[in-house]
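To keep things simple, chains are lettered A, B and C as they appear, and every chain counts its residues starting from 1.
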Amino acid sequence: MSLVKVTNLSFTYPNQSHPALKNISLTVPKNSYVTIIGENGSGKSTLARIIGAISLPQNGQVSIDNLLLDKAHLNAIRAKIGMVFQNPDSQFVGSTVEDDVAFGLENHCFSPEEMNEIITKYLKLVGMNDYRFRTPESLSGGQKQRVAIASALAYRPKLLIFDEATSMLDPQGRQEISKLIQNLKLRQLATIISVTHNLSEALVSDYVYILNHGEIQGRGTPTEIFANQELITKNHLKLPFTLELIQQLKKAGFPFENEQLSTTELVQYLWTLNSTT
Amino acid sequence: MSKVLIGRYLPGDSVIHRLDPRGKIVFTILFIVIVFWANNLITYGLLLFFTFWLIHLSKISLNYFFAGMKSFVYLALFVVVIQIFFSGGGITYWHWGIFRVTQMGLINAFYMFLRLLINLNISTILTLTTSPLLIADSIESLLKPLSYFGVPVQIIGLIISIALRFIPTIADAAQKIVNAQMSRGVDFNAPSLKKRIMNIIPILVPLLESNFKMADELSEAMESRGYIPLAKRTHFHVMHWHWQDSTAFGILGLLAVLLIILRQS
Amino acid sequence: MDIKFNHVSYYYNANTPLQTVGFKDLDFTIKEHSFTSIIGQTGSGKSTLIQHLNGLLIPSQGEINIAGFKIVPQTKRKSLSKLRSQVGIVFQFPENQLYESTVLKDIAVGPLNFGVPLAKAQKQALATLKLVGLDSDLAQRSPTELSGGQMRRVAIAGILVMKPKILVLDEPTAGLDPYAHEEMMELFWHLHQKWHLTTIMVSHSMDDVAQYSDQVIWLDQGRLIQMASPREIFTNNQQLQMKPQSVAFYQELQAKGLQLLQTPLTIAELVTELKKKILGTTIE
């Protein structure tokens, strides 16, 4: 069953000659984790914002959980979606961590007792319950993004969209958030769409779309995508470290039967190779 | 990173912190009104002592409190000095042109200083012990009767709490822009006034631009989390009226009676 | 000329009850023409440190020697405006500082403030626009019409146009995608060599730190933990949380018992070392 269905979607910003999205079609199955990858300016954020019901489609159709995305269904669809945006500061609505999570719950008319319980549950899930009364300026970028995730999850959306949620973070914050997304996927809390320029995030997802110049350039499972060198270089993407290392080792004369080993497997492989030569 | 205390909130767990914020705001306003009844040493002394007692109850260190009040005390002294020179009555001690120092002038100035100090104390106690969000919520709650006349009270409350939330973020952005422009040779101490005024542009333009962008992003985040202007929403912070709150107003009433008895008629 | 920090400390809100340490007793020398990286977690004092390099902050104690200027606690900030034309600082997300109506005007702001005549400043601005890899067609456009990546290049041009001898980069690749990230670092590396710059970079990207720096200053909670070559910093340093990816990978090999001759700082070094070790040959 698909939760998101996009059919022939096109979108052009006012005062722009080139469309930001051209004839996009894709589906996202329930409880899956899909990544949409592209460099800055590829149109990926526009796509995330339309699927996230922030903007409406101009041409083509988008349906979320069997509801057609149009003006009449806007609020009903938004209630099914949680979004985590790029900038950690501008999406922090509350004065404190708990108030930020409460904001969405207040909009969805939860009672104060329910809110307290839900806030505790989701702050614990993202590891921020100890920071409940802290103000945003005393938190790191990664911590603010964790709070944003708790805030987006709190009202139990069916779909969670990450719109370049790690791009303004330092590598440590990026790692933390990537791990957290994986954890959410394992718990099957929601269907996940992650829009990113970071190919290594695709490694753990179920399905990958590569977007450039507003069009889908490639799609497939991570294994299929990573096997397609041409697709990756043509779209200005960078292989995750371990896969890049395997490519370079291969060029240096190391024999590889399988070019998509995990880090542990590669370490094991090199160790075995070293013991036998 | 400023040491000024006005507007700052110090989280804590004292009887003052726990009072209903709506009550605290009304209390503060009524207190400032009855301060005008004081007109002699004993009434001013009583009120000043009362504010010290409240600071004590709030468990905020007096040293810390007064370090933060220092600059405002200087401001108050400045007002007082003006008062000394320009108000007259009673015995004249010294005069030069239009300036004169008189007995009444000195007494008035002294009382004025006490009044400023008392009012500063009470309002600082309010902000130090009440989170900005609760102040915003309370203002919304207190203004509620206006909603029957079509005033969007809920939106006003939200605007206040978001404005308070973004003050540090915007201050931080402004500091970064100042640093960046100074590094490009923009001189904020230029000798000519015209140049100095012109030098506000390199700060103001980027700051406004980044604030508009932030406002856009904020509104998208709010909408995505289900905010619909004017729609019904619940409140996480429920304010409860306890016996302590009634007691506080009882004490205020007592204070008012004492003032009426002790003031010079 | 070398940059010298002689037992320098800085306190925020000095001499008040709210005094906090920015950094304490920093004592080091940065060699002329070197590429130095400053690493450390948030709150380590990195950004406080770089604000001392062009006199935005004045030390509370100690003495700084930089570009022929001596800065001590008594130094007046006013007397340091000339220093700012020699030390160019590219702050984090520098695209946020653009304000002029055209790209060319914005790049020329620095030279004009430092007294370069208009015609010459505009000529320099145009040349710098090309230097940072932007088309000269963009010169008369408004900065707000450009893409994020282009805006950042314009802002960087606005610093480079002053021909600084010392270039300070504060997280220059923050928010860029991997491809733009690489291009940006290539640009700085190219300029570092061509202009014989002294480059100081604050970065969280340990891969960049390992690849480009001659030396690394490691700060923690306002104190200097270590100043050394990247290889020394990244070899056997358990305390350091972030590492270059090749170092992290090598540590997994070590845990298995596979030892290389030296800690590989880049993926290329890792391949070379593995080849030497396992295939028994060297790569030309």
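The criterion applied here is as follows: a contact is a pair of C-beta atoms (placed from the backbone, for glycine too) under 8 Å apart; a residue touches a chain by one contact, two chains touch by 3 or more.
Note that the structure is predicted; figures quoted are calculated from it, not measured.
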Chain contact topology (line, ring, star, complete or other): complete
Higher-contact pair (C-beta pairs counted), A-B versus B-C: A-B
Distance between chain centroids, defined by C-alpha means - chain A, chain C (Å): 30
CA centroid of chain A to CA centroid of chain B, Å: 43
Mean-CA-position distance for chain C and chain B (Å): 42
Residues of chain A defined as touching chain C within the complex: 39-41, 140, 167-168, 170-172, 197-199, 236-238, 241-242, 244-245, 248-249, 252-254, 263-264, 267-268, 270-271, 273-274, 277
Contact set on chain C toward chain A in their complex: 42, 147-149, 171, 174-180, 182, 204-206, 241-242, 245-246, 249, 252-253, 256-258, 267-268, 270-272, 274-275, 277-281, 283
Of all residues in chain B, those that touch chain C in their complex: 1-3, 63-64, 67, 173, 176-177, 179-187, 189, 201-202, 205-206, 209-210
Residue ranges of chain A touching chain B (in the complex, touch as defined): 49, 52-54, 75, 78-79, 81-83, 85, 87, 89-96, 98-99, 102-112, 115-116, 119, 133, 135-137, 151-152, 155
In the complex, chain C residues that touch chain B: 12-13, 16-18, 20, 51, 54, 56, 78, 81, 84-85, 88-89, 91-92, 94, 96-99, 109-110, 113-114, 144, 158-159, 162
